[in-house]
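This report refers to the structure that appears directly beneath it.
Labels A, B, C, D, E and F are assigned to the chains in the order they are written; within every chain, residues are numbered from 1.
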Amino acid sequence: MIAGTGDRLEGEPLVPHQAEASVFFHHRDLAYTVRVDNPNPVFARMLQQAIGGPEGELRVMTQYMFQGFGYRGPKKYRDMLLATATEEIGHVEVLATAVAMNLEGAKSEMVDDVVTNPAVAARMGALEPRHYLSGGLSAMPSDANGVPFNANCVDAGGNLIANMRANVAAEAIGRTLATRLYELTDDPGMQDMLRFLIARDTMHQQQWLAVLEELGPEMAANAPGDFENEAPHDTHAYSFFNHLMDETMPVDARWTSGPSLDGKGTFTVNEPAPALGQEPVLEPAPPEVHAGAEATAPGGGSVLGRFTRGLGSAVDKVSP
Amino acid sequence: MIAGTGDRLEGEPLVPHQAEASVFFHHRDLAYTVRVDNPNPVFARMLQQAIGGPEGELRVMTQYMFQGFGYRGPKKYRDMLLATATEEIGHVEVLATAVAMNLEGAKSEMVDDVVTNPAVAARMGALEPRHYLSGGLSAMPSDANGVPFNANCVDAGGNLIANMRANVAAEAIGRTLATRLYELTDDPGMQDMLRFLIARDTMHQQQWLAVLEELGPEMAANAPGDFENEAPHDTHAYSFFNHLMDETMPVDARWTSGPSLDGKGTFTVNEPAPALGQEPVLEPAPPEVHAGAEATAPGGGSVLGRFTRGLGSAVDKVSP
Amino acid sequence: MIAGTGDRLEGEPLVPHQAEASVFFHHRDLAYTVRVDNPNPVFARMLQQAIGGPEGELRVMTQYMFQGFGYRGPKKYRDMLLATATEEIGHVEVLATAVAMNLEGAKSEMVDDVVTNPAVAARMGALEPRHYLSGGLSAMPSDANGVPFNANCVDAGGNLIANMRANVAAEAIGRTLATRLYELTDDPGMQDMLRFLIARDTMHQQQWLAVLEELGPEMAANAPGDFENEAPHDTHAYSFFNHLMDETMPVDARWTSGPSLDGKGTFTVNEPAPALGQEPVLEPAPPEVHAGAEATAPGGGSVLGRFTRGLGSAVDKVSP
Amino acid sequence: MIAGTGDRLEGEPLVPHQAEASVFFHHRDLAYTVRVDNPNPVFARMLQQAIGGPEGELRVMTQYMFQGFGYRGPKKYRDMLLATATEEIGHVEVLATAVAMNLEGAKSEMVDDVVTNPAVAARMGALEPRHYLSGGLSAMPSDANGVPFNANCVDAGGNLIANMRANVAAEAIGRTLATRLYELTDDPGMQDMLRFLIARDTMHQQQWLAVLEELGPEMAANAPGDFENEAPHDTHAYSFFNHLMDETMPVDARWTSGPSLDGKGTFTVNEPAPALGQEPVLEPAPPEVHAGAEATAPGGGSVLGRFTRGLGSAVDKVSP
Amino acid sequence: MIAGTGDRLEGEPLVPHQAEASVFFHHRDLAYTVRVDNPNPVFARMLQQAIGGPEGELRVMTQYMFQGFGYRGPKKYRDMLLATATEEIGHVEVLATAVAMNLEGAKSEMVDDVVTNPAVAARMGALEPRHYLSGGLSAMPSDANGVPFNANCVDAGGNLIANMRANVAAEAIGRTLATRLYELTDDPGMQDMLRFLIARDTMHQQQWLAVLEELGPEMAANAPGDFENEAPHDTHAYSFFNHLMDETMPVDARWTSGPSLDGKGTFTVNEPAPALGQEPVLEPAPPEVHAGAEATAPGGGSVLGRFTRGLGSAVDKVSP
Amino acid sequence: MIAGTGDRLEGEPLVPHQAEASVFFHHRDLAYTVRVDNPNPVFARMLQQAIGGPEGELRVMTQYMFQGFGYRGPKKYRDMLLATATEEIGHVEVLATAVAMNLEGAKSEMVDDVVTNPAVAARMGALEPRHYLSGGLSAMPSDANGVPFNANCVDAGGNLIANMRANVAAEAIGRTLATRLYELTDDPGMQDMLRFLIARDTMHQQQWLAVLEELGPEMAANAPGDFENEAPHDTHAYSFFNHLMDETMPVDARWTSGPSLDGKGTFTVNEPAPALGQEPVLEPAPPEVHAGAEATAPGGGSVLGRFTRGLGSAVDKVSP
């Protein structure tokens, strides 16, 4: 019998218990104060990139969650991943609240001034129409262009080093986005909220880097770390292939000479980059592919050829 | 100044405070026991539909979250939405854990029996390759076919009745999926887990229906409820248009006669369905659309025509 | 032999016949008059949400079609689904025509007034660039942000109650969108067209609700209705789990006390929400997963471990 | 006033009328007989490619519909497009019915023979899980891998020649798919249905080609046909650029010598392909882009730089 | 042993060699000069459609690449495809450079004039926010609305005629887009670049048409060309089905009379379009589908019914 | 005037020139030898993940290309990015060729042995149907589940450090995938090809790390590096927020104590994680949002409220 409790003996029954508190809890207060002095519906649109874009909070929330849920190593890394995943849910709430408040009202006289000032109009551009049409003045799980969040950008590969690398990258991209959003607003409340989120991005990036340091000399690490390059491919593992036709690489760059960062090789340059393979010549297709006369071999006989022709008759044989 | 605290006077500063607990918390134990007696990697694949499919937990989690974050009415509905949204995060964890455990090992002798038993092989079909290739034996934020979760299916429209309708539908679809998953397994642990999830789907569907009842006579409600059909369109609001060429509608069906469910009209049938409009004849395109000679009006003169031609020269005028 | 005719004897040949009319027909006139007094290319963009958004006509058209094509119950429900699916095709045409006409021209003097009036400019925002670039002044199968229609949002699950719930929701969302579009225009023709579409949304929502009523006491229904909650899970089927850390639920809300809406239980509240499961502890990964040293069990032995290692040698054995 | 009726005088009111029949109609019988002798759930999966894949019927249905709805030229082309678009809706129904019937039952003894015959098992592969999980034994609006239909592949560009080219291509791809599906089945009913669909693909391809012939010498046509290549770019309009490093192009191929097919030039070859541009050197970014120290110009001053910095203060000025 | 070299004897080892140059090379200079006189960030947005839209360069680049990589016929066609695929990579670079340069700065005084001129503001609309937020003033692999490139639109079907048809269509659509972009700018550099790209689109369209001519009488060709329509379906292969209810087709159109373009039939019209099939009646679903009482056959017994019920017990038998 | 040449004087014309070689070139030979001893169509499917998945070559190719095309800093980094982007195009070709060769034929006797061996059948699972249906035995631009490549996963943010982080992550994920593919095959040719690709992934990861080292102390770097955390947010920049309800963080982990990795702070832990914000209370919606009676403020008056109501009348005023 397979079960999920760490210290249970094989065969021992797994006893469900009524815990005192549920697995996820939500607290009334926001993770950080959201204050909007000058509501700006275009800035609401910009904030959506930090919610549903590939640089946004829905991505890191999902990424850290699935990395944690599937982690098979020491409990401390699972805890760390899930603690921060849970923090990111609160960041989604902070940003969604900021979007909703930027879509709210202001004094009427002020509004007409804003929207009829041509400089502001030109620079502000347009609303995200779905903020009104689909969301009714609330945030959407999509990016600044209204493209719905797509989990295609989530990296959760079940290798701690690769995961940490992916997380460092996600925070680097997210922090860059947050600083650009910061430049787009003079609103003190929004600036303060973004400074808080930038600080948290800083910490998160630092903590993923700290795990890499804890795991060993970072520079030496490849992910996955348990697969070694062997001859003859070790020579390909530390050589820059120069695919530029008209430029030579600087011979003294960090990546063209000296020891590699994992300490296992010496950087070199291949000028020009080699073509190590043959000219590819594919076999003609069997007739049932309908590839056209010029690309078809009359006799057929490929795996798929037999597969496709065989399917019907095989079914036939077992049918009355 | 705009701010988010309910009882704050205008102009009064909003004072951030150090709360005693964070906005979202995660508890060590799962929302429900996950026990897998006979690990089955194909069943792991099937469970993915309940994680990342449009019928799955990532959808309802995101849907209830964004409905709650953007809700502008009484606090009790916001609380209810966020409490259940938070519960759904835990369901994602339960299912992701079940996937990971179904991908785990069994005794070797048993494995070969399973995979070489042709009846099992034929019926089980194939693994989700990304469970191994991308997830390294863990769940993915995608559906049973490996299609990544796409928030396109999230309904969070800022109208409580429409939201409740969408939530009732999401739970109806999710509960149907869960019962089908239940049929696919004889594993006692998986059956128990699915029975729990089905029970929770039941409660969630009941609670959204209860809100509709609390809001007033459900049958009478349209969403949005504050837009009335007026003459001449009130006649179109309770008539079934029969677009079938060769069938008449039964005159005694609930939807073809008797009072409408909102109590505002009487059902009728239009046989055949009417075409109430004109034959559409679009104007020829201006030349700059390059619509082809047969579709172009030489003189141009449309809004867009002037727009496009004007853009360059307008820029020109303000350039040196 | 399997065939699709209802009253055919087994073994009797199915005789195709030349019917007098084809399966789908198109009539010259529009389903409703499309009149545009003041062409507005930004409103054309807004209308796209009602064509290709998850709230739009392409979604309900596809949803009702596939529900009807796959329906295995009484003919009257299939007829009803396909009649309304067919009606929705006509709504796509009405809206696509409205988009095309809003992209058409107006008198030149008027145009310059419109586009140079800063209040209008600021409020109108920008065109959907693909209306010109890709469509050449015609509608696109996409939403107001130009995101192409994605059938991911289509619910067609082969359970009549779940389908009806999904259809009620789709019309609720669609009707909400239509009323918001109505607010965005003063054009009498566009207002009239939207009033017609709102009336049809009303009828469609009423008819799906009528089916639910006809099928039995609506409040009592879960989808699927043929799966009962049994002990010990019946207690989970009517209890609100409160995942809020700092708020108690009102004890007198419709969803926290009194009989459940399906008449099978009594609402209660679990304060706080329980964690009914164990702490999840996953097994280490086998070496071939390359999960990193800290997450790997040397001996391997899992289903997938054997699977992956076995694949090559199994192929090997049957190769020369 | 703008309106859609062709012969109406300006200012004359557009009178809606009660037509005798609705815009789209659905007939009871299928467009073609669907007969399945040996139900095969894997073949059901394969048929999905012809429903929801980029080569499938949902694509051409949507493509011809939107081309027709937006067409601004002679009525006969609009009619032709909409007649065939309407036909394609019926093809979706035929295929969806075929999927549903392939998912239906057969005699039990036969079934076990089929699924336990290893040759069949190996060749048949696995079911599309969503046929059961999401569709409940019915077709889905998705492709053979369960990827939902995405209107991204629809070409409807508002230029008749480009549209005809796109339609010829869509039918060529669709017909290729249909012949490959034909090779996968021995079922007489399925073979007959596919032969019918292939015949219709033939006609559709022929009719789009016929429009191209009717419009003028096909070979001479570029789309859009109203934009001429002029010096110095006319030389680039008929020269093959050889980007292969190690191969010369045959000088006597149809595309390397002789008159061009539009009769306006003479084919030549550029060996090697020229690089006609400069080395691109982008300006450093302004500070607010946060592009990194090495990529930043201290002074800033770009359009966007001023834009972003200006936004806040502009808003500021109009706020109290 | 299977290998990719054309003239190698079976069994002979394939000797990798160090070629003198790598498979792809990049040259310093652009394929064509990119000059921007009046940087226009909205035009940058428009250019994105030509990069990442279905009409754009990423699509044709990927399409020609995959057609070439998989081609199984004569080398000259593979060479031609890959030469032009390689050219398209350079077009992506040209357009990405043009986007970056349009996002660059201009003299400050000029900028304020531009953005505060209401006519320009109104017509220019808004920036693509991700040009700043995500790209930091550089091009993105997405379309004019910021929708990321999706390879769903790539046609690479392994049939030369279908591929050529798809390529002719792609260039027709792309050329139409380029001429519309041309109309949107007065910038001499941008106009010159677009004229160059239009000329190359011309050549590419001509060369794909030339292949079709070289392969035989184009008009006679169907794709795939090796599948003949036979009786009784040959009659369906040349008959226009008129699905319009209220219009007859012109009898003298090119597609309604006279010889078909492939020379194999004579065009006719079916008025009205026939329904050649039966009324579809699907079997009730087995209980495990949970299709609802009205759609369920108590006895079950379908292929899938047995499949699903059998799975668990089959697994059971091989488990201890 | 803006132009792209580095050393051109302002106003000096940019002279296009006929370069000696085009911008991208393609060489006949593959980047590495592709040899397939035992063609395996299921392995062909697995290889697709390395072509079109988020871990694959189309992603890194597009990512490095767009990073290079938009780079605004020193030429050496642009060169490096484009050299490696160009190398990745060749990797796509290598993998697409490997897919095509795995889909090719083997001796017939062997084939039947393979497909009828139940152990192989069970473990191999099913083909990617589109390899036959859509590709005609060639590779597709999609992943192992047939999901088309989506550029949503491309990170190209215009900040060199963030880009390098994203590139290190992409190679870590890609290298992990490649080692897992390596475990799935015993084919010597495929193993050799994968070892080569793994070696190149090694080098690419090393070179991106080398850039980070060259740019300064890696550990100290945040991206973007030019935005400092200031009081009061500097305290949030180095504190781990523990969102776990039932676990304390280890106080001696690298990320909970000691100097931060950027040397600017000291790690601490917040137990429990704080909620630093207020309870969010959104304003009621204006009537035109149709948010439902309970969520609507009668008076309206918000920015958007005025916006939407004002639009029509503003248009009205400038219309006759």
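Just a few scattered comments:
FYI, contacts are C-beta pairs under 8 Å (C-beta built on N, C-alpha and C of every residue); 3 or more make two chains touch, one makes a residue touch a chain.
None of the values given here were measured: they were computed from a predicted structure.
By the document's definition of touch, common neighbours of chain E and chain F comprise A, B, C, D. Looking at chain C and chain E, the chains in contact with each of them are A, B, D, F. At the interface between chain B and chain F, two copies of one sequence, fewer than half of the residue numbers in use appear on both sides, so the contact is built from largely different positions. With rounding to the nearest 5, the Cα superposition of chain A on chain F corresponds to a rotation angle of 180 degrees. Chain A and chain C have Cα centroids lying 27 Å from one another. Chain contacts: chain A has residues 3-4, 14, 16, 19, 21-34, 37, 39, 54-55, 69-72, 82-83, 86-87, 90, 93, 97, 100-101, 104-106, 112, 115, 117-121, 123-127, 132, 134, 136-137, 145, 147-148, 150, 152, 157-159, 161, 176-177, 179-180, 223-224, 227, 241, 243-247, 273, 275-280, 282-283, 285, 289-291, 307-308 touching two or more partner chains. Of all residues in chain E, those touching chain A in their complex are 2-6, 14, 16-29, 69-75, 77, 112, 115-118, 120-121, 124-130, 132-134, 136, 145-148, 158-161, 215, 223-227.
Chain B makes touch with chain A in their complex at residues 1-4, 14, 16, 19, 21-27, 29-37, 39, 52, 58, 62, 65-66, 69-72, 82-83, 85-87, 89-90, 92-93, 96-97, 100-101, 104-106, 134-142, 148-152, 154, 156-159, 189.
Against chain B, the residues of chain F that register as touching in their complex are 45-46, 49, 53-55, 118-119, 121-126, 143-145, 147, 176-177, 180-181, 241, 243-247, 272-285, 287, 289-296. The residues of chain E lying in touch with chain B in their complex are 37-38, 40, 107, 110, 113-114, 117, 119-120, 123-124, 176, 179-180, 183-187, 288-290, 307-320.
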